[in-house]
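The following pair of complexes shares a single chain, chain A, combined with chain B in the former and chain C in the latter.
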Partner chain A sequence: MKNVLVVDDDADVRIFVSTVLEENNCSPIITKNGDEGLSKVREKKPDLIILDVLMPKRSGIKMYRELKTDDSLKKIPVVILSGIAKRTFLRSQEALTEFGEKGVPEPDFYLEKPVEPEELAEVVKRILS
Partner chain B sequence: MQKLLLIDDEEGIRKVLAISLSKDGYQVLTAENGEAGLNIFKKELPQLVLTDIKMPGMDGIEVLKNIKKLHPETEVIIITGHGDMDTAIEALQHDASDFINKPIKDEALIIALKRAKERIFLKKKLKEYTDDLEHMIKIATEEVRRRVDFQNKLITSSNDGVVATDEEGKIVTYNQGAENIFGYTRSEVMRKMNITDLYPQDVADEFLQGFRKNKTIDSSWNEATILAKDRQEVPTRFSGSILFENDEVIGSVGFFRDLREVKKLQQELIKSERLAATGQTVAGLAHYIKNILIGLRGGVYVSNVALAKNDTEKLKSGWSMIERNVSRISDLVLNLLNYSKEHKPEYEYCYPNDIVEEVCSLLDPTAKDDQIEIIRNFDQSVGEVSLDSGAIHRTLLNLVSNAIDACLYDSNGKKRRRILVKTSSENNRMLRIDVSDNGNGMDEEVKSKLFTSFFSTKGGKGTGLGLLVTNKIVKENGGTIEVDSKKGEGSTFTIRLPYKNKEGNDDAKKSMAFNP
Partner chain C sequence: MKINKLLFITDFEELWFDAIKSLMDLKKAGLNHVVFLHVIKREDVAMRRGTGYLKETEVRLKEMANVRFINWAESIFEQGMECGAYIVVGDPVPKAVSAAKEEKIDLIVTGRHKKGKLEELYGGSETIELLRRSATPVMVHKFMLGSGKVNDKPFERPLLALDWSPSSQKALEFLVAIKDALKKVEIIHVISENKMKGLSKIELQKIQKYSKKGLDEACGTFEKEGIEVAAHLYIGEITSQIEKAAREREASMIVAGTTGKSGWKERILGSVPRYLAEKSELPTILVPGESRTDAD
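Now for the complex of A and B:
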């Protein structure tokens, strides 16, 4: 069974996503902000991360950047699941790059909320296979 | 050339003096007795007369009296016999200008004439001044009349009601503007009504007290509600003062500005602003509702999965999602209704501290979830009072929830998060509740938008309705709301709500309760 880390501050989303994951033979690890998320990544080394963008205590934008600039973590695939449009997320990453930080690759997949259970399951399966 | 009349019965003197005076530049007229002298005087009107005293027929004193009667300004110099001081004094009593003794010495005559001429000059100047003064007074009077006229017109045509009283409070000025406000006609009021008949009771009392104590009052443009003739209450803005003259009260004046139209416009403006704001928010609301729908659909999905597997634990969490989102949508609808509708406070006797505690314990679990402590500091002297308890509940629920969010969104992870909820009573008539957090605080821009529009910093998680509704409820209850906040340090929201003490809940009653 694959371990999938879920990072989202919305309890509803956490329950929903973890249910979809369980239905698809994955074991969800639940966290509710970027700080918690990062420490769980280091502890559990999950097979996939499903990451929200707008969260208190370290946003998805910063957590994504740290994941992708850490050599031990950058191989872990990341799916962004957010109410924010993909374009906005990429722009904010570009802006950070322009401020002198290292460039980061685009996420493995970008899902805009709301997401259908089938669509999420499909994406997770494709990346983990 | 100056005319000089010389009256003397001695021809020799007339001749010698006439020659000498002509040389000095006078046009000399001569007469040999009093009657002839008077005739010439009437015809020629000389300014200077030189007359002998002792003459046959009309003597010099008679001539003097007659001339002074005809023309008081004429300078009359008397010629007296040597040492005849009695006559000289009599002449001076009859307003002679001067006297010279016989035998006439040139020097004495010249001096007397010089003095007389000076007097003529002075009199002329004086007359000029007097005439000038009279003219000036005439101009000034005209100016005063014009100003009074202007001021009367000003008072009459002023849109403001102008009312003046005498020092006893009797109405002596009452213009058209006052007629419009009070509804009484001028003839009904002028000198018939008193300040107490027109002014609001407290204002009238203040004036009457000022009259009695000879003291000025401070009344500048306060709102005052007056009772018009038709018993209707009219909102006005009032300014008035007591009038003094040499430190004595002479009356009072009051200005009333009709606020009926202004109030009407204000209400319309508030209404239209609210409608506009409601319109603006539709997009934001749609987004918020969409999020709720996602939650609901998620809940349905999770519940279906749980039902298929007969998994009670999962069913509980799926059902909790549905419940949570149903309550979010009910809150939203309630807030919208609260915001768009006029709401009259529902007063009831309650213990404010209990309501505040209720809200705190309601939010304790949410706060503890994120290691936030809600600290209570209740003033126990706040007892049972009359207040809109629902208003306290709704506003406080909103403020404490906001405080939790502010702590949650703070990027400084090292702080111990805490929220302080403090109650106190101000002057035993105002309930004060402070909600302070040490969360992320606000900058000036956010602060300025707090109560103005459907503004939210919580992205899709906020409607921007919370503080709007809070503000509206507080205002409807006659209270105030204040914010003190510093970016990165935290915020304090302070609400003040007026309350009434429970009747009979005073010390006397309390002590009676201890009696068996």
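Now for the complex of A and C:
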């Protein structure tokens, strides 16, 4: 069974994503913000991360950047699941790179909320296979 | 003292995204993270006879706030800044204090939240309660001025009101910390009319001399940091003189300390900061003294 880390501050989304994951033989690990998410990634080294963007404490943008600039974590695939547009996510990463931070690759998949369970399941299966 | 992280409290009535844009001069002073807070008041979703808890209303109100915050956050993110949001149900002041503590906020920005005369008489507004309880500097933003104009550059020309208290020293340090966002600082000390009653001419001159020395020292602090500064001594009723100075010096906002006392006195907010927060037309930043801790 694959471990999938879910990072989202919205309890309803966490329940929705966990249910989809369990129905697809994955084991969800649940966290509420980027800070919690990052420490869980380091502890559990999951097979996949499903990450929201707009969250308290540390946003998905910062967490994603931390993941992709850490040699021990950068290979873990990341699916962004957010109400924030993909264009904004990419622009914000570009802006941070312009300010002197390292460039980071695009996420493996970008899903804008709301997402259908079948679509999420399909993306998870494709990445984990 | 650094101003990296700001908590923007909105009820979507007084403060909108254009008010946040007016704060972006703080980027020059290190601001790189904005956190939004919207508190849905308990009474809006509370249990009522025959209806129970209004879960559907809560979901709808949260979703409305979420749509707005996502739109605002996109603009913040695209500038390469960090952004977060809280949409919660509860009492606004404790929620704001706890979010500020949780996020290690450097500046809280809120609206004036005008209340009716009766509420003012018995409890004051939520803003006043927040000022009483916050250990973090609070900006009471008045984006729309009474004249109908907008104050889109509040940090350009702050007026610092000094009373030589520890909290007013903190207010001075606050301005030094955001020096790169400022154009010119106007400093004022008001010798209270009441304080002068019954004093001899010599005693009055001593007060004047002491006040001027304090103003000179404050000017020196700013000049050392390369900030243009001017100092002024006013005499009279404190709040009206601060307002008068702000008008005469074309200030863009007022900065002052709160009482900064410890223990139970924490809950008492001086009449001057209270007046400035609620009545002054200009945005006001009120900085608590060192000894204060969050009273949550």
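Throughout what follows, the second predicted complex is superposed on the first by the 129 of 129 C-alpha atoms of A that agree within 3 Å, B and C clash if a C-alpha of one lies under 4 Å from a C-alpha of the other, contacts with A are read in each partner's own complex, and residues count from 1 in each chain.
Note that a contact is a pair of C-beta atoms (placed from the backbone, for glycine too) under 8 Å apart; a residue touches a chain by one contact, two chains touch by 3 or more.
Quick caveat: nothing in here was measured; it's all calculated off a predicted structure.
In the superposition on chain A, A:117 contacts chain B only, with no contact to chain C.
In the superposition on chain A, A:95 contacts chain C only, with no contact to chain B. Once the two complexes are laid over each other on the shared chain, residue contacts for A:61 go to chain C alone; chain B is not touched.
Using the contact criterion defined above for the overlaid structures, shared-chain residue A:83 touches chain B and also reaches chain C. Shared-chain residue A:7: touches no atom of chain B or chain C.
According to the touch criterion, the shared surface of chain A, contacted by chain B in one complex and chain C in the other, consists of residues 54, 56-58, 83.
Residue ranges on chain A touching chain B, taken from their complex, read 10-13, 15-16, 19-20, 23, 35, 54, 56-58, 83, 113-114, 117. For chain B in complex with chain A, the touching residues are 290-291, 293-295, 297-299, 301-302, 305, 314, 317-318, 320-321, 324-325, 408-411, 413, 459-461. Of all residues in chain C, only 35, 66-67, 69-70, 73-74, 77-80, 82-86, 99, 102-103 touch chain A in the complex they form.
Chain contact summary for the complex, chain A toward chain C: residues 33, 53-59, 61-62, 83-85, 88-89, 91-92, 95-96, 98-99.
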